[in-house]
Structures are given as C-alpha cells and as structure tokens.
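Every chain is named by a letter (A, B, C, D and E) in the order it is written, and numbering of its residues begins at 1.
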C-alpha cells in the first residue's frame, strides 16, 4: 500500500515538471495557434544550458534557473522571428512544419556539437525517506519550482499590462493591432515566454535524470498528452494535466508492467481528445 | 604460434619479391553517425579506423603475394533500418566493397545481411549480439561478440557464490538485444534456483525510473540485473542511488562499460557490467597487439580509454584480416571458408565461429568478463572481477 | 395552402441562455416568409435548428410531411432544404462552378458529376456569375460571394431555401438586383424563408412575416400588420420617425 | 434586366439534365492524365532492369514507398485538409500483419499484404469515426496519439515478437525463388502499388466522392449544409488513405527482413511524407510524386556526400523551413502560379 | 478628444494605391478629413472602401500614394503605431476580445502610451456615454448581443484617445432600433468635436449624418462634396450610390 502511495507521490512530483514543460507548449498554442514541434529540442536546449552553466561556473543548477529563463526567452524570440512569424495565421500544417524543421535544425546542430552521448548534471539534495521509499530532494525541489513558476505565469497573464496584452492578442490579433498593441512584438514575447518555460522545465529535468540530445522527443510527446488533458491553450490546466499524468503513471506502475504505461498514456490521450476536445481541465472561461 | 605467423608473413613477402603490387581492399559499412545509436557506433568506428591505420602503416593486408591497402567506404544509417539495404547494395554494387562490416545493433545487422548474403559478401558482424540474427540461414555473416544469452551468465555466477538464495529483479530495456539477454538469463536464474522477484521491461525512451524503482523496492529484491543501453542504464543507476534502493548487487548491460559512466560519481560505485572486453584483461594473443598495446595505442590516439565497442571493432576487423591472410586471397568464398576454420586468440580473447548450418557464424569461442566500478584511493575505477583467471580486483558485494 | 415546413414548440438553450423557446411557426408551400427580430433574438439559431446544424432540446420539425428533427445537416439537405449563409462560406479554393456542383451533387437530387456540372452552369449563369464560372470563389467580391452563396443553394434544386441576411452589405442597386433574383427563385417554385434587416426589402418581398424576440414569437402577419404592430415597433423598429431618417435618406 | 434574371432563375430551378454513366467513363479514358501515370509507373518499374543497376532499384524502391506514403497521405492532407501526422501507423500495422501472415502462417505474400491492407482500412474506418470529429491541430495530435498507442501496444504484443519484432529467415524468400528474385518481386509489386496510389488519387479527384472530399477540405460546415455526408466521407477517405500504405508496409518490411516496432511506427517517417507533399505541392496528384523523388534525391545526396553527411539533418531542416516560409504551394503550386497555361498538366 | 483647431486638415490621403498580392484594388484614392467634422466614404460593393481603410490604417501596405496624419507622413507605419498616434479604427464586425471582460476590453483600447495617460478620464466618459457597459463591466464581451458589442467596440475606440475615429460599417447586421441608438451616440460625439470618418453601406444614413462625402468607384476617387450636394447630384445617385 505504502508502495502505491510512494509511486503516486513520485508521479505527482515528476508530473509537476511535465506540467511546466507543457505550459510552454500550451501558451504558444493559446496565443498563436501554433503547435510547437521544436518543443522537445528546446527542452533539450534548457538541459544543455544548465549543464554547461554548472560545469563552467560550478554554481548549483537552481541558481542557474534565472539564466536559463533569460537564455530561453532570447532563444524563443530569435526562433520566432526566424521561423514562426511568417506562418502565423496560415494553415496549421505550415506552422507544424516550420517548427518541425526548426526541430531538425536544432537536433542536427546539437548532435554535431555534443553527439548523442548522455550528459548528467550533478545535483544532490537531501531527500525524504518514508520506510523504504525515498523521495529525492531533486524531485521535491523541481516540483516546488514548477509550481512557483506556474503561479508567477498566472499572475503575469492576469495582472500585468504585457500579460493582458498577450491575452488580448491571443483573443483577437487584428483588434489588438488596432488598439495600438504591437502584436508581432507581443507574439514574439509570448513565444519567448513559452520557450523559456520549456527551457526551465528542461533544466529541471536535467537535475532529475541524465539526458541526451534526443531526450526531448519523449518529453514533447508527454507534453502533448499533458496539454490535451489540461486543455489546449490553458497554462493553468497544463500544470493540473501534468500532475494528472504523473498520477496516472504512478498509479499504473504498481499494477501493470511498466511497458504498458505508454499504452495507457496514449490511449488516455486519444480518448480524452475525443471526449473532451478542449481538455478535461479546460475551464469554461467565465 | 605468433612466431609462426611472422615466418609465414616473411615467406609471403619473400615470395612476392620486390614487385609487391600496391593493391587495395575496400571494406564497406554503415555507421550510426546520427540518431540514438551514435554513441556506441562511434566507439566501434574508432576501433575500425585504428585498425585500418595500423594495417596500412604496416603496408597493408598481405595475401597471396599481394599487399592490400585497406580503404573504407562508409555511410550514415541514422541508427535506423530504412536505408540500410539501399546503402549496403550501394556499397556492394557501386563502391565495389569486397568485404563488409555490419551496422551496429542486431536489427540492422539482420537487414543488412539479406543484401550481403545475396552477393556472397563476407560481413563481419560487430555489435549484433543477438543470437536470432545468426539463426536465419546466413552463410557469410560472422559474429565477433559473445551472444546475448551469455551476457549475464557471469553475474549469476557471482551471485551463486555470494548469495545463492538471492531474490533477483530483472529490469531491462524493451529492445531486441536487452530483451534477449534478460529472458535468457531469467531462465538460467530459475534453473540455478534463484527467485525472480520482479520482471519489468521499459521502453527505450524511458527517462524516469522512479516508478520502477519503487516497484523494485516493494518486491524486496536483493539484486537487480538488466539495463539496456547507455542513456537508460546510466539513468537507472543514478536513480537507484538517489532513491536509496537497498540493493546488494546491480549488473547493468552496456552503460557502465563506458568511461563516461564514472561521471555519475557515487551512483556508479558497485555497479557491475558484463563486458566483451576490458583493457586490463590478460589474454595472450596469437595474432595482433596485446590488450595493453591496444589500450595504449587507442588512448594515445583518442585521448580516452577504449571500451569494448572500440576493442570489438578493432578485433573484428583483425579477424577478417587474419582470415584473408590465411586464405591468401580476397576471394570471399575462400575467406569465408577460412573464417569457418578460425580458432584464434586476439587481445579481445578467443574467437571461433559455429559452422552448424542452423546457427552459422555464431560466436562460440569468445567469453565475457564482468567488470565493476569500485572506489580506489578516492577515484572511481572499473575493475575486472570475473572470471577468476582474468580478475584485477575482488568482488564488492 | 399546404404547409411545407412546420416548426413546433422548438426550444434550445446555450449554457445559461435560452436562445429559442417554445417557438412555433409554419412555412406554406410557395410563399416567402420573412423572419425578423432584434439582434440576439435567436433568428440564426432558428435557421441552425431547421437545417440540422444544431439539434433542438425539445420540439419538432416537420418538413414535407417527414419528421426531420435532429437529423444532421447533410441529411436535411438531401430532404430538400438549402441555405445561404449570412457570413458567406464559399469553398474558397474551388471554382465558382465547382462550388455550385457541390450543391447539385449532394442536394436533393443527388446528381452525378456530369449532370451536376450542367445544372451548376445553368444556375451560375442565371444569378449573373456566368462570366466568372472558372474563377476561384476566393477571388469574388462580397456581392459576388453573396451571389455564389445563393447559386450554390439553388443548384441543389431545393424545395425550401433559407436565406440568412443575403442583402446585408449590399448597396441599393445591388439590393434591387438581389430582390429580383429572389422573386425569380420563388417563381421557379421554391419556397423561401428569409432573415433580413433591410426593411424595405423584407416588407416588399414577404407574403407573411414572423417577428421573434428573445427566442419567442412576438408577432406574425402580413408586412403591413407587422409595420403597424406597436409591440414590434418598440422591440425592433424603434422610433418610426428616426427609422424614416435612417431608411429613406436625407431629410 | 432584372426581369430576365428572374426568368433565368426560375428556369434554372427546374433544370433536369441527362447524361449516361458510359459518357462519364469515356471522359476519363480520353483524358491524358491516367495514361501518364501508367507510363510513369512502367518506366520506374523497368528502369533498373534496363539499366541493369541494382543500386538504382534500391533507390527507386525507397522512392516508390515514399510516393505511396505521400500520395495516400495527400488524400487526407491535400484533399480533405485533415493533417494526419500519424499516417505511418498504417504502414507499420500493414507491415506487421503482412509479414506475420507470410512468415508464421506461410500465406502467399500477395495475399498477406492485401490482408494487411484490408485489416488496416477496416481499423482506420473505425478509428476514423472516432477521431475525425476533431478538427485541425486536435486531429493532428490525435493521430500522433493513435500511432504512439499502437506502437506501445505492438511493443508488448508477444505474438508479433514484442519489442524484438519479427525476423525473417532466408527460407521466407524461398517461395519467391530465393532472396535475390524475392527482392525483385517486392520491387515490382511496390512500383505497382505506387502506380495504383496515383491512379487512386486521380480517380478520387475527378469523382463525385472527391468533390465532396474537396468541399470538406475547404469548409466542412458549409459542405455539410450543402449535403455532403461529412462523417461518413471523412471516415471513408481515412480508410482509403490507409489501404495502399499498409500494403506497401507489408512488402517493404518483408523485403527488409525484419520488422520491429521502432522502425515500423517511426513518427519521423510520417513527417517526412508530409515534407514530400509540401515540396511537390499539396492537393495535386503529381505533387507528392515530385516531392518524394526530390526529397529522396536530396537526402541521398546529403547522405552520400562527405561534406554534408554530418549536417544532413540540419540542411534538410533548413530546406524544409525555406519551403514552408517562402514556397508554401510547393514546386507545383509555384509553377501553376507562374505558368497558368500549364495548369491542365500540372495537376 | 478634440483637435486643437477645428477645420484644420487632420488626415490627408493622396493618390493611394493598394491591393492584395498581385491584384491591385485601389488605383488612386484621395480624401481629406478636417478636424471636428464627420466625413463619410461611400461607394458600391467592391469599390474598395474596406481596402482603403485597411491601407490607411496599415493593415495592408500601400503600393503607392501617401497618407499624412496630423502633418506627419504615416504611410509606412504599422497599424499599432498609427493607433498610438490617435488614428483609430472601429472595425467591421466589432472585433472584440470575447474572453476578456468589458473593462479589460476597454483597458486594451487604451494600450498605447498616449491613451493610457488619460485612462481614468476616458473610462468615466465612456461609461457615461454607455451606462449599459458600466453595469456589465465584469461580464465577458463574448456574451453580448450584436448591438451591445457595437457599443463596446465604439467605446473601446474612444478609449484610445482618438484624434480621428474611423468607423467601418456602423449599422451592418444591426436591428433598426439599435442603429437609431448608435446614430444618437454618433451625433453627440460629433457635437463634442470628435473627428469621425464613417464608412457605411447605408447610404441614406451616411449622407444624412455627415458633413462631407467622398464617393469612390472601382478603386478610384469619383467625386466629393458636402454631403447634401452629393446626395442631390442625380448622376451620382444613379450610377454610384444606387439611390
């Protein structure tokens, strides 16, 4: 019994990080109707930023988080102007392919630079042990940071001028432009924000697990699942969706072989899409 | 034997006389320059290249009075099977490769073999450990490595000594190789009277082993055998440490063999790995360099200690060289016949191929060693702990 | 006069809003019935209910003697109801002819491709799109798209045509032109139910008018009766003096 | 003038044309396009034989597989405008069924792969009924989900070898006269499948069903109001778009000698097929062919060239980006826009 | 909201040419709007009225000609930059932010720095003008009826502190009673001195409300004059206004 509980708690902790990753994806979708297929590559970028940062300066990975945010934000803005700006408002296929091509470029360059060997960010934090089960400090810390960032994002979107501008642009781009909102800049900012979130989640994941240049693919798929659970375009839902996914994983493993987890995950994903196209946690915006 | 070889070579040299022709032999293969197998494949490629440079520096492969400089033609197979047949066809028909090395990993080997067999080209399989591949009716495919079923035999042997009643958890990657290893070992373990406490396979893309480790803890296992490749294996090792799974014995495939594994620090201590080869082994070769010579040369060139993939690459190529020289010809049929007869020890260990039509080309001479990461004077080192006659340190249980 | 379409006690809620409630009316064979009402009265919802885009919560729709309540739009189309939308929905990447062919192929007569091509050509010609038959629908002007909307619906050879504000956004000449077209359609034996804000047009075209407000039927009668109904004036037409200013030009 | 309009409209409402079914068939046979497809298929099929070049056969075989994937995917993406990202699931599942029947049950290869096609189409129809209610990006995501779920399922499905997959022994090629002739046989069949894909694409585009599908692609709601039975049509086109890729999967994996889940359900291949469609021009018949050949040539060139082989992924990505950003109509769209008189031929 | 000197030239559009991709729609449109007046732009469907507005506000890039606003050449400026200078469009179809509240919609109207400075004044004024909006300030805009939405759209335009308020299709799709209310509002705005450029399909309404009228046809400027005079010209009535 305690084993199951431990499994669920672990799932929730990791789920919060999945949620953070998905938040970046869902924000970008919500604002500009772009499904960012370079999401996985960007998560990997975050992993490497924190890897080189801790390697070069010896500071703790957590101290590096603000740097990751900045790097991610800047990278996001560059990516936006490079490949996303022109496909906004065009058929969904275009933006999917534009971001996918970006994924190819990033992965290609990263492989050339770093090969597909695994990397590891050494972090150690005291964990909490209950009976035989240990919840590692890194997991707990990652979940706390993920939750905090989600909170900050919510406040930003609802109580600051740039945040409201992002919502306005998401709601009606033409109108925003007519209201004097520089929409392209706002879109770039939103994209940068989404990328920054993905990068931070990558950095947090790097503190939990070793990673390779190709690790992003798995997290990207997980982000899709989370996004759909939480409701596309709904950052707050993404956190809940991530935690839900983590719980499902945690609950499933004690009872089924681990290799069945993806079946459960993606089965749930498809069923959720069919039953709730707007996501289980999609709030009817009041 | 070694002296004999030199005499033979000298004789060949004399027979050919000063008119020794500058011929080349082309060896074709695909490597995984990109994609998920890139890491292991690259080590292997380094082995190939070191061998080529050595051979060419010594004037090439000498056979039938001629001296053949070695030329490589290789392509990137992107770690996937899509283009393997296209590339091998191209290697054979366009690039006129006389001999082939296999791609890395069992699935790709099987795919490539369909092409090489059609053209009767000898293909040295390096990196395809799964026995299944050699039971499909191939005639020109020769396996360098010990087969998958033997990988964890050593670990079981150690457990037998230390704790014959051990409860074992099998946790392995869901890929052809790891699965074949784990399933063969599970049968062996049952036969030896161990309890199988848990059996779990995980997908290749798994990054979070938390749930599995909780399961391992719940199962009360003493030992964990399994793993898969580098990425997942190193993650598993680290999380086992982070989550303080109180296991007495952990043997993982492939991952801990890489020198990079030491970067895991404390998490690496005590982890053992079945290995085709370790630099410390003390085999006395009939042919080619000694283990120490090879390790030294490799380290000098690549600034990194060789793992078994690199050694396997070098030695696999060398077995081919040996057979060509024995056959005195680069005719594939003659070379294949010579390979069938091969019974030689190199720095990599013994090499002998099965000639049973049902498992032709399967490696039956080579044996594995078991290595373990241990702390020595505050530094992590990988020691050979099994078999007894090859060990460099005592088992840490 | 026989009833072609009967809407009986139709109701439909969206979240907290009762868009249509207990609405009953009849469209007779061969007539032009006008459906008017203030913005948000639920007129477009009524059309959506009639042609199956949304299903009613309660109530019944009888068309040509058959119960078509809750049938999907493509089945309703097959029964012979065609619709021209307020917001034009041309198939932008297809030509004018192909747009009309879709109507002909999948409408009431379920024509094969070759027949549909002929029928579509004929109809496109008749509404004045003859010279643009191979142009992409996306390249038409607003008025052209309105015309296409009509042509496409007509190509189906429907029994009942639903016209949703087909005059909105047209200038007076174009309105005149369109009014003639609508008269012609009726002459061809097609019954018409239309939503319209352009009073002049609806008053002159309609045989009868149904006024709805807040999803309920407010009044029903001839154009003259409606124009003089005080309830309708308060809810919809407003101050008749101001209306005159707005409708009839400079004072 | 108004009164003449009114007369015309009145007439148009009652017009009843007459035309026979035979006329319709004749119209197609008279068209040059299907014959072009037949000639093209024959040329591809015979080229490696005439030129006695096995290496060419291997490249063309891959190209034929890609054309099959791209052309059938184009039915969804180009015609119905439903972005199917998980198209590869048809290929993989068809491959598994085909290879499984041919090896474990020793069913004739042609029958095995056809059975694969039929099963996959039937499954696609069922799945289609579920997920085709989703629009745009939601549908695209669902197709990814279906692919991943089936991928995970097959990985755990022991009769199909689980993660290890199915290895073909050399004996499997004996009924076809050994691996050498077996591979040629697979090649001819794959080229045939490619030809059929193109004819299918043409047939759909010029049919009433196709008109309905194109209408759905342009505006689904409007199409439904016009009478197009959208749910059924969508499911049918989804099922059709799965058939030939599944057959091709059976042949391809039989020819490869091994089928395992990671190779069979690789999302990247799915996306590559989309890239090919984009390269040639979505919604056209020849676009996917041009795209597949161009892409195959390009990847081949990058892969074989010393300089680029390390950066081939980067360069392929950059090329894709340039196409998406600057030539969204693909090569065909670009040509059609510039050379309107060629439109009849650039379909 | 009042421009310094009434009657001064505020918006000057000269020989504007514009279109989409390869298709040119405007072939030389000229019009002038003086401060404190209400000007209308009328013409047949497809004459290029909306395209003219889009070219003026910057939604499409002019191919030729010049737009001068308050003495500054703004031809190549982006839409938001023009809005920030007080060149404000209330677009056809309202274009609200349906998921945001009334007040958030209004706040976005005052996004530009210039407008933000007078946010409180404007809010008060707008609420006075449309008490309905004040009652429902926390309600989502998407729940409003067409007429209410048009009010909110105009209110949001006013929040931008417009030096000129351009209204596209004021009456489109609105019930007569709502149109009347809006006409009243427009008249009071005009009395306060707000400069308005109105594009309106309902020619009667447009001519009745405005001081000065421009007629365009087939992408060209056709004629202009005081509204009453334009309305009286028989050839204009017949051919271009369809009256």
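In this section, a contact is a pair of C-beta atoms (placed from the backbone, for glycine too) under 8 Å apart; a residue touches a chain by one contact, two chains touch by 3 or more.
Every value quoted in this text rests on a predicted model; they were computed, and no experiment measured them.
Chemist: If you apply the touch rule, which chains end up adjacent to both chain A and chain D?
Modeler: Shared contacts of chain A and chain D: B.
Chemist: Name, by label, each chain that touches both members of the pair chain A and chain C.
Modeler: Both-contact set = D, E.
Chemist: Looking only at C-beta pairs in contact, point me to the busier pair out of A-E and B-D.
Modeler: B-D
Chemist: Going by average Cα coordinates, which chain is farthest removed from chain C?
Modeler: B
Chemist: Taking each chain's centre as the mean of its CA atoms, how far is chain C from chain D in angstrom?
Modeler: Inter-chain centre distance comes to 41 Å.
Chemist: Measuring from the mean C-alpha position of chain D to the mean C-alpha position of chain E, what distance in angstrom results?
Modeler: Those two chain centres are 50 Å apart.
Chemist: Take the average of all CA coordinates in chain B, do the same for chain C, and state the distance between these two points in whole angstrom.
Modeler: Inter-chain centre distance comes to 76 Å.
Chemist: What parts of chain B, by residue number, touch at least two of the other chains?
Modeler: 34, 174, 201, 203
Chemist: Please output the residue numbers of chain E that touch at least 2 other chains, ranges allowed.
Modeler: none
Chemist: Which chain D residues reach two or more other chains?
Modeler: Residue numbers touching two or more other chains: 152, 155, 163, 310, 312-313.
Chemist: So which chains actually touch one another? I want all the pairs, not just one.
Modeler: By the stated definition, chains touch in these pairs: A-B, A-D, A-E, B-D, C-D, C-E.
Chemist: Enumerate the contact residues on chain D facing chain C in the complex.
Modeler: Residue list for chain D touching chain C: 2-3, 5-15, 17-19, 21, 23-24, 27, 206-208, 211-212, 214-215, 217-219, 221-231, 283.
Chemist: State the interface residues of chain D toward chain B in the complex, per the touch definition above.
Modeler: The contact residues of chain D facing chain B are 53-55, 57-59, 61-62, 152, 155, 162-165, 167-171, 179-180, 183, 255-258, 260, 262-263, 266, 269, 303-304, 309-310, 312-313.
Chemist: Taking the complex as given, what residues does chain C use to touch chain E?
Modeler: Residue positions touching the partner: 17, 37-40, 86, 139, 141-144, 165, 168-176, 197, 199, 235-239, 242-243, 245-251.
Chemist: Quick check: in the complex, which residue numbers of chain E touch chain A?
Modeler: Residue positions touching the partner: 57, 59, 78-81, 83-84, 88-89, 91, 95-100, 104, 107-109, 111-112, 115, 140, 156, 160.
Chemist: Quick one: which bits of chain D touch chain A in the complex? Just the residue numbers, please.
Modeler: 77, 81, 83, 85, 130-131, 133-134, 136-138, 140-142, 144-146, 148-149, 151-153, 155-156, 163, 271, 274-275, 278, 282, 310-321, 324-325, 328
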